[in-house]
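In what follows, structures are represented as structure tokens.
In the two assemblies presented below, chain A is common to both, partnered first by chain B and then by chain C.
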Partner chain A sequence: METKYINKSGIEQWFNAIVSSGKRVFAPVNSRGQVDFKPVKKLSEVADEYIQTTQSIKASVYPKAEVLFSYEKVNGKVNLTDFDPESVAETVLWKVHPCDAAGFKPLSAIFNWDTADKLHNAHLVKTSVISFSCAAADESCFCTSVNGSPGNTAGSDIQLTMLPDGGAIAEILTFKGETLVALMPNVFEADKGEKKEKYLVDLPTRFNLEEVNAKLNKAFNSTVWKEQSERCLGCGACAFVCPTCACFDIQEDAHGSKGRRIRCWDACGFAMFTLHTSGHNPREHQSQRWRQRILHKFSYMPERLSVVGCTGCGRCSRACPVDMNILEHITSIAKQ
Partner chain B sequence: MSEQNTYLPYLMTIEKVIKEAPGVKTYRLKFQDEAEAEAFEFKAGQFGEYSAFDEGESTFCIASSPTRKGYIECTFRDTGRVTSGLASLEEGSTMGFRGPYGNVFPMEEWKGKNLLFIAGGIALPPMRCVIWNALDLRENFKDITIVYGAKTVNDLVYKSELKEWSDRPDVKMVTTVDPGGENADWKGEIGFVPTIVDKVAPSAENTIAIVCGPPIMIKFTFPVLEKLGFKDDQIYTTLENRMKCGVGKCGRCNVGKLYICKDGPVFSKEELNLIPAEEY
Partner chain C sequence: MKKLRDRAAELLSQGVVSLVIGYEEGTKRPRPLFCRNSEGAEKLIFDSHCFHNLAVYITKKELVGKERFAVTAPISTLRSIMQLYVENQLSEEKLLVITVDLSGELREFTTFDEIAAYVAQFELKRGEREQEILSKIEGMTREERWKFWMEEMSHCFKCYACRSACPLCYCSKCVVEVNRPQWINPWPAPLANMEWHINRAMHMVGRCTACGACGDACPVGIPVDLITRKMMEDLAPEFGYVPGQPAKQGNALSSWKLDDREQFIR
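After this line comes the complex of A and B, so read on.
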């Protein structure tokens, strides 16, 4: 790990060098009031003055719908065409928040549990992450309660901490990060000795993760699930904006002699998610599905995969149409 | 070496179609690729994802025994989009298969024991794999008892094998149909599976009970076994939940913290006691 300083114009020159290298660059873009990651060519396109993108950066390594393989039926035989890792473009993610970068670890833990996931890994290998530490937060943010922080570098290849002069402290964290620096090394100056902590938002811890975990281990039959999910619509918005939700469906898209098998985002909050063909549904009620969501993230994943399925980004609370607030709900479980 | 795509299926040829019962068929499948056929191994209890190109994938156990080499068999009921797509295929058609997935029945540990199989309806296929495995290695086991029931005589699957088993002197075969499901020629028992198990009253001494059936059958069979003296570590079952991936990622089949696709599908009753019954 190496720390450097990069000034305002250096940032722009370096950004342009990354774009010119032919890599795809995704960054937050403000489009009619909604900020989301989009392909960009110029630094001026990148959004300022927002707390959080609506969608997480998850889709860059786990697309909403992705072809697992395609096939063609010829004279009664079937020819398969495998997913080609080479089809994935080199991608740089610019201005990712630490809570999004921290989401790569739980996502990969799910996809590579036991069997390696060729598709997810193909995206990961081709993706470089330039995160920006957080100078601001809102009432939905709680990264510090789930092993994160506004300056957490987990999952990042480079982290920039913006300084009042428009320059930045650049922490070069990985080999991929060094490769990006090498595109324009002369703009990276010697570290000026500024402490990045000075420029991070102060975000107090809202709950104790171990305490929550201990409570959840005994909470399967608690009435809390019904109480908390009474107003849940089962719309799945929370799962779709989450940087770590990985549940998927596999769908068939076939026309004539050709077809594709496609992996699509799904959500454990949907009533049909676990519905058997017989009509039997092991998670028939919304409260059971809400319980699954919380226990999966805060109990099953820590136990089975040694990682928490939440990075405290707060998107689920912001996206919920009926104001279900994960922070409030987890805090109330911790206090029980 | 490049990573394998878990979702890419083996291409299988349907070598034989057997009509088992209304809407229920058994397919015998052969690997189209010789090398894949050669390398393929599985054990009793494992399952796979079977696919109809056009319609998608569906999860069933491997219904044939690992002692029978060169093919696998699956038995399924035509109920949804995928199974009806599969059912419309004919001998010689190509379909897909991924697997084997999941854990296995600990048959090695059962050497020298009596085996009691209890199955209901379309749940005989997962057990048929174990039954044939045990019969093909008959000397490894003591008494083998099979109690199998279906709603009606017509709904019994593997009819010719049921006859074969009941004709064997080294198998005690009890077949039953639900009250009202019998016909004029029916010579078997009449009554629900748990009632018939109670009536047959197999000894729990040195016996492993393997139970598979609809949740309601399992619910009422466990207390009967308990009454007969079976301990929880003597009772095994295989569970099924909706699945997409089969390899612990899609998030559907978990029961509490356990995944049916990875930690199961085979569970002892001792293990079942630790997970919430409402989730399967």
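After this line comes the complex of A and C, so read on.
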């Protein structure tokens, strides 16, 4: 780990060097009234004024739909074409928030909890993360309550903290980060000794994670799930914008004697998610599905994977059509 | 507001209804509220910012149960209630509908005829947003429109918030979930997304009451509500009904008449 200073024009030169290196660069872009990660070629395309992208960066390492394998039957013989990790392009994620970068750990914990997931890992290996610490937050943000912070470097290869002069403090955190710096090392100057904390938004903690965890351990049969979830519509908006939600479905794209097997996003909030072929549904009611969502993130994952399944990005609260505000709900559980 | 809270508390304490579905203050804007006692009724609000379509909840059996319940309903919700009634999804015995009229007075409807008469006073107009986007789309060529919608639909990730927020999407099994045969590819991809949205639109023709709940719910900002709205506007004069008023003669694409002027249908 090494800290450097990079000035305004240096940032642009370095960004251009990354693009010229042939790597795909994804960054937040403002279009259609929303800011979301898109492929970019120029720094001027990158959005400036926003608190949070609508969607997380999750899709870069866990695509919305991805082909597991394809097959074709020719003269009675089946030809299988497996997913090829080499087909994944080298990718740089630019201007990721710390809460998104922190999401890679829980996401990978899920995808590797028993059998290592070849697809997810192939994306991860080819992905470098350049995060920007947060100078602003809104009322939905709560990273500091879930082991994060506006300057959290977990999951980042490099973190930039923007300075008033347009330059930045650059924390080079990993070997991947060093590789990116090596694309244009001369723009990285000696650290000027500026304290990064001075430029971070002050975000007080809203609840105590251990307290919430202890409450949840006894809450399985609580009436709180029904009370909180009555207005829940059972859509997948919260899950799909979440940086750590990993539920998926396997679908068949079959055309006669050939086809593809596709993994695509799913959500535990959908009634169909746990519906058995017999017609029985172990999570018949929305309250049970809401309970699953909360317990999975705040109880099962910490217990089984030693990582909280929430990074406090607040996207679910912003995306929910009926204001199922996760911060409000977790805070109320903590107070029970 | 006080009148509404008092009346809701009264209805609940007297056992007239076991549940009042209304609005409460949310973290950013009003949100749906389910009150089962007078304490809950104290949180009720009703103003011009209350635009969630609460009719979406009244066909959910696990929520409303078997007993009589009440729902507070602005005009858009009243329109949906009428449409649900036309489609035989509601009964007068179970539902008490409350609204606050333009003079601020509480009004209660116990029959659907009363609601129809009340709704008939209100003309369904395009709002500023609808007018702006629809006039832009109306000015496009067919190719430009296709391009516009393909680009919009490419952002869809199939969270189905549009379906979940729609009071008229009450099917227990949606066409997109049917897999024998699989009519629509269920994964998100530009064409597969278009398949879903065309299907959704076709199922809404002559039924949509233009409440805008689907467009409001879309987390990625696709104006999906304008598809069904435009179809309703175009179709209404052809089939002799007024947009936003219940289709008493049946839904345009699911009714059939011997004296239809079109030959192909006979």
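Everything below uses one rule, namely that the second predicted complex is superposed on the first by the 336 of 336 C-alpha atoms of A that agree within 3 Å, B and C clash if a C-alpha of one lies under 4 Å from a C-alpha of the other, contacts with A are read in each partner's own complex, and residues count from 1 in each chain.
Throughout what follows, contacts are C-beta pairs under 8 Å (C-beta built on N, C-alpha and C of every residue); 3 or more make two chains touch, one makes a residue touch a chain.
Keep in mind it's a predicted model, so treat the numbers as computed, not measured.
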item: Chain A residues touched by each partner, larger count belonging to chain B or chain C; value: B
item: First (chain B), second (chain C), both or neither touched by A:Pro185; value: neither
item: First, second, both or neither for A:Gly166, with chain B first and chain C second; value: neither
item: Chain B versus chain C as contact partner of A:Glu230, first or second or both or neither; value: second
item: Which of chain B and chain C A:Pro85 touches, first, second, both or neither; value: first
item: Partner chain(s) touched by A:Asp249 [first = chain B, second = chain C, both, neither]; value: both
item: Touched partner set for A:Glu303, first chain B, second chain C, both or neither; value: first
item: First (chain B), second (chain C), both or neither touched by A:Phe111; value: first
item: Common interface positions of chain A, toward chain B and toward chain C; value: 249, 251
item: Touch list for chain B against partner chain A, complex; value: 2-9, 11, 51, 53-57, 79-80, 83, 92-94, 96, 215, 240-242, 244-245, 247-252, 254-257, 262, 276, 278-280
item: Parts of chain A lying in touch with chain C, wherever the complex brings them together; value: 32-34, 36, 54-55, 64-65, 139, 230-231, 233-237, 239-241, 249, 251, 253, 262, 264-265, 267, 270, 272, 285-286, 317, 319, 321-323, 325, 328
item: Chain A residues touching chain B - in the complex, by the definition given at the top; value: 68-69, 71, 73, 76-78, 80, 82-83, 85, 110-111, 113-119, 121, 220, 246-252, 254, 259, 261, 263, 266, 268, 273-278, 280, 282-283, 288, 292, 295-296, 299-300, 303-304
item: Chain C residues within the chain A interface of the complex; value: 26-29, 31-34, 52, 56-57, 62-63, 152, 155, 157-161, 163-165, 177, 185-189, 213, 216-217, 219-221
